[in-house]
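Both complexes below contain chain A, partnered by chain B and then by chain C.
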Partner chain A sequence: MQIHPILAALRRHKAGTLLIALQIALTLAIVCNALFIIHQRLAHISEPTGVDEPNLFVIENLWGEQYSTEEAAAKVQQDLATLRQLAGVADATQSNSYPLRGGGWDNFITMKPDQISPTTDSSIYLGDEHFLRTLGVKLIAGRDFHADEVQNMGLRQNFVPPVTIVSKALADKLYPNGDALGKPFYSMSDKPTTIIGIVDRLHRSDVSTWSVPFANESLVWPVRDAQPWGVFYIVRARPGQLDAAMREAPKALYAENRMRMISPKDGVQSFAQIRHLAFESDRGMAVLMSIICLVLLAITGAGIVGLTSFWVGQRRRQIGVRRALGATHRDILHYFLTENLLISLAGIAMGIFLAFGLNLWLVKQFSSQLLPLVYVLGGVVLLILLGQGAVFAPALRASRVSPVEATRPA
Partner chain B sequence: MLGYYLDLAVRSLKRNKILTALMIMTLALGIGASITTLTVLRLLSGDPLPQKSARLFYPQVDPNTLDGYVAGQTKPDATMAYPDAMNLLHARRAKRQAVMALTQAKIIPQHANEHPYFSDGVMTTADFFGMFDAPFQYGGGWTADDDENRAALVVIADFLNDKLFGGANSVGKVIRINDHDFRIVGVLKHWAPQPRFYTQDLGSRDYGDGDGVFMPLQTARSMDMGPEDTECYASVTDVEHLELAPCEWLGMWVELGDSAAVTDYKSFLDGYVKQQIALGRFKRSDTALLGLMGWLSDQQVVPNDARLQVYLAFGFLLICVVNTVGLLLAKCLRRSREIGVRRALGATRRAIFAQFMVEAGIVGLAGGLIGLLLAELGLLGVRHQPADYASLAHLDIQMFLFTFVVALVASLIAGLLPAWRACVMAPAPQLKAA
Partner chain C sequence: MLKMTHLSKVYRTEVVETYALRDFNIDVKEGEFVAVTGPSGSGKTTFLTIAGLLETFTGGEYHLDGIEVSQLNDNARSKIRNEKIGFIFQAFNLIPDLNVFDNVEVPLRYRGMKAPERKERIMGALERVGLASRAKHYPAELSGGQQQRVAIARALAGSPRLLLADEPTGNLDTQMARGVLELLEEIHREGATIVMVTHDPELAARAQRNVHIIDGQVVDLAEDPRFHTAYTAAAGQVRG
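Coming up: the complex of A and B.
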């Protein structure tokens, strides 16, 4: 196939050629950035938490009366005993937060008490001796808390317990040589806390973008949350009994002590609901981006079909002449396919610059990440296929033009 | 003349229905997406108090140590420590001033069988209501003396009054909050500025229904109600006595009448900080006095995703316009013979240009109309999102008109090139070919 005659013909249709190329360029720029964003959001949505999600649920329990620290701690203990007695419940614990809650308590972590810029940032969970077992996180080194290590923390009390269990991500950040067990660190206090246990994975309680550099860095302190307003109960149901346990638990708690508030709307949430809620906006964004990508590709495809159809109609006589002079159906088909390929390639060349330009702008405006080359390559393949697909039907029609057309006036 | 062009345009559009439908749908999709996302962005970045926002300012000082400090480049903290807030409040250098923090108020119903529940609470000072133009249904706010005397008074929102007293005048009645009795002095009319500018950086309430109870700050503090958010700038052991701790948990707003008053207040603020440095309490001299809208943009109230969606939608519209240009161009070139005949019969270039622009305009208006339906559909989708601003996403009259402006501008831009090509065409070759 000779390219020269195609170029000569395109020179007579500058505006149309340029428009298709421009449209392909813009589509490429937007589609590959959108695909990248979709991929990032989907990766975020499917982040593992390290906890036994299928069997867990969380109760947000708010106290109806004002309790002192001791009273609140006693009430918490009593509630946990009630929950553990339920048939469908395997274990229960209390905490100030849970993974994927969105927000929560986080502290700067330093290696020395007087260090100015922090080493890292960790999500803080308060848990008792049932915390690890209930959540089903895997202890990979050291030991769990003993019951006598657990202290009560009341209203605006702020102390650093002497021992802690940390996630592997935090342990590796603080002690990269893998010898974190038994070592101390400081958490916004002049008293150290010593690592007595390391768990394989425990997701942070927030899902924000600012904490991406501190992903999965979390610690558990042996503390009973005795705040006067309330506490979260994390409950692990026996396999297959999640729904029943979620129905029974609030009833049992109300039966034991009426002076509490468990919102009938979202006071009891399964972990599946928690995960759904945590990534709602990411899912929305991924869906929106996908729809826009699809519609954009459809529009670009339709535009190519429209303009090529017009060109075919305009050139019927020339096609007839070529056919009369011996060009086969296949020659004509190839002519239009090649023409589209050339225009697509020009558009793609422009589009690659636009795609990286757009990405740089996104990095600057929204501190997103650099676009990996594979997305641009994917976009290029997608658009070439789209162009060839879109041009195929008009090109087929062109190839069926009879040589007799050459004799008819235009 | 316009009637004739309209007739010609409709005939031409009818001749190739698929191409026409494609152009209209392309524009409609682009316009629908742009208007939907723009409506949400406008909602999120709107002015919460349009009549007052130009006169409201947010003073900031910086009590941090010199660690990591770069003179002139470090922004002061968003909230204030108690001593500074009180000093600035009592100085009374602005027309009105109030300090505030958020808290959760546990409301305990009178009837024995009802469950207690939490309501969003604001701990603030007397000028709050006058400064923010909060409208009262019954009664009014409290006085500065009530603030100092730690009077157990409360202003409640309309929705709380409906819930507790069936909407009747409840001024003088007593409600129980966190196990303390408060006497109601005022009931607000519906008041929910969007976004809730005064809660920025004090807690996480950006949009939604508004706060339920408003209590004098000192009274609430004496009853051990704490702020929702506390930032400490030095290590703390005793957070029980927040008033004495090196912690920031209060926001302050001032009302300043004119630009001279703003300049005066800024120099007062600078002077205050210099004085604190001399006393050894402060190390940094930076201050800020942002206006309400400036403060909101500084706080980045508008989620990045919402802005990203608007840019994406307008990129999409751009592609739709390019696409329409291509299709219109194809249509127009196909009609070169018709143009030749019209030109030969005496139509001027201007007439041909006008004819094609009218045709583009019709495509635009049709696209706008369908785009409007798509935008309504899109907003319906937004309203079903779980975000706290979702229920507010509606197309107002301005956006309604703006839709058609966008549609017309987009289609006329799209029509420019084809119309130009049509009107410069020489008539003779077109006629000869026939």
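Coming up: the complex of A and C.
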């Protein structure tokens, strides 16, 4: 190996060497953190919700008149009956929110009424006896709501119903031994609610980064949302009938009662649209981080190509001398590849510290997660491959320098 | 040791063919000290680059230490350059980024020699040229004469069968040139085969045999007493 003479030569070219090493260090630090963020965002985007997304759509129905709780509840019942009668509709329900809506209602959950520090946080859905069936959520333990358990909740009314259906994630958080069914908990009230059913998965309505650790912790209360301003109708179309049902549903509702507003722009949204909108910022961040990574890698690669090309030009005679003294094409190629590897390793050593430093800052400032080592290792491999790839063409040019260069005038 | 028979070197462009060497014949025996002289453009350097396997030739035969080199690939040529030939260039051609020790080490590393043997050979060669104490110095810290001595040490360290010197004193003042020349003579007396390209008559006169090249062809002065007399007289005038 030629490491000693290469290091000796690099010591005589400190400025160029240091600049490239620093560039590699900075690129490594940013790229591994960016790759981690990209992975987190992509994982977030592809999170399953537990609902029958391909066949679901949501109607945001705003009332055109001021209704009392009872009137609003009756109107909701009437609308649901209308929707369920449509040919393309398998079932319909009402709610205050739906998974991936972005926002919604969430409560701290405690095991005792006077518990100060909450056990967890849960998204709260108001639903009737059609809620689980309409959303296509899988009930894995206990039972669904009975129609007579469903209560109306109007303006300024706030109560905790005696029975609740929870997601498995929430059940496991509250009762880690797997015996949550039939057990109580408290939701910001001194009255307990009892778990009567557990569903396999039901994503929260909010999608913000803070809620990622609680992404699947949600519960359903047997409550009819009878607010005076409006309600969400969640409709499950029969397979293959989604588009037709989305067209027909608002028409049917307007035919039933014109005193409502369903925005022609986004008043009716398929779940695919909901998912697309919910993760728009995650997608944007992933794209931005990808662009930053690519630009940084391209700049670093170009820097290595530029510096090596400059060095090859500068050392043309020296390469000729080496060839004259017995170096083969391969020896010269190895020389430049090894030289780049040494610079890259120096940059990588600095970059690893920078990467963890940057991550700690992100953790402190933005509650990010700790950077797993695998991303640093991935970044190291990427930078080494980039360096070796970038240096290959100029190194190949160098290896083709004829030994006769040694006899040419300086 | 070095035998070229009807050797030719042609540089071709789209419109013209230029013969740098034509029907070139030379036979250098083992242990000889041959000076190759000739006017500028006569083909001296081309001869040296072909002799040193730095360049290929167009026709004819070239045997180096009994090996016919025309069919050798680049790796084999590199190996022969490394093991059998020591180069001394006019411009010294030391690597400025490496110190004296590392410069002398370059050909030995390409030979794949182990570190202890390399060190022994390097220090031996540097002692031979009187520069062992300058092993950690960089070329820029040495005089021209010292740099050329380092280059000679680099050439000697690999114990080559043939030393090829291209105007070895061309960049040196008279005193330094004399020192380098005495060193070459000493190396020759110890049995080395040396082929030196020069157009310095004094230097040529110190060689065992002179070979004169004109228009890419050899005129062996040793075999032509008229030329030999004229040349040595000229050398004597220069010396005087």
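In this section, the second predicted complex is superposed on the first by the 409 of 410 C-alpha atoms of A that agree within 3 Å, B and C clash if a C-alpha of one lies under 4 Å from a C-alpha of the other, contacts with A are read in each partner's own complex, and residues count from 1 in each chain.
In this section, a residue touches a chain if its C-beta (ideal position, glycine included) is under 8 Å from a C-beta of that chain, and two chains touch if they have at least 3 such contacts.
Small disclaimer: the values here were computed from a predicted structure and weren't measured.
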Which of chain B and chain C A:I30 touches, first, second, both or neither: first
Most chain A residues touched (candidates chain B, chain C): B
Touching partner for A:A349 - first (chain B), second (chain C), both, neither: neither
Partner chain in contact with A:I20 - chain B first, chain C second, else both or neither: first
Which of chain B and chain C A:L382 touches, first, second, both or neither: neither
First, second, both or neither for A:L337, with chain B first and chain C second: neither
Partner chain(s) touched by A:R317 [first = chain B, second = chain C, both, neither]: second
Set of chain A residues, in rising order, touched by both chain B and chain C: 409-410
Residues on chain B engaged by chain A in the complex (per definition of touch): 19, 22, 26, 29, 33, 67-68, 104, 106, 108, 115-118, 178-179, 204, 224, 226, 235-237, 239-240, 242, 303-305, 307-309, 312-313, 315-316, 318-320, 322-323, 325-327, 329-331, 333-334, 385-387, 417, 421, 433-434
Chain A to chain C touching residues, read off their complex: 2, 4-5, 8-9, 12-13, 317-318, 321-331, 402-404, 406-407, 409-410
Of all residues in chain C, those that touch chain A in their complex: 45, 48-49, 52-55, 74-75, 78-79, 81-83, 87, 89, 91, 93, 95-99, 102, 105-107, 109-111, 154, 166
Chain B partner contacts - residues on chain A that touch it in the complex: 15-16, 19-20, 22-23, 26-27, 29-30, 34, 37, 62, 64-66, 103, 116-117, 155-158, 188-190, 229, 259, 261, 277, 280-281, 284-285, 288-289, 292, 295-296, 299-300, 302-303, 306-307, 309-311, 313-314, 362, 365-366, 409-410
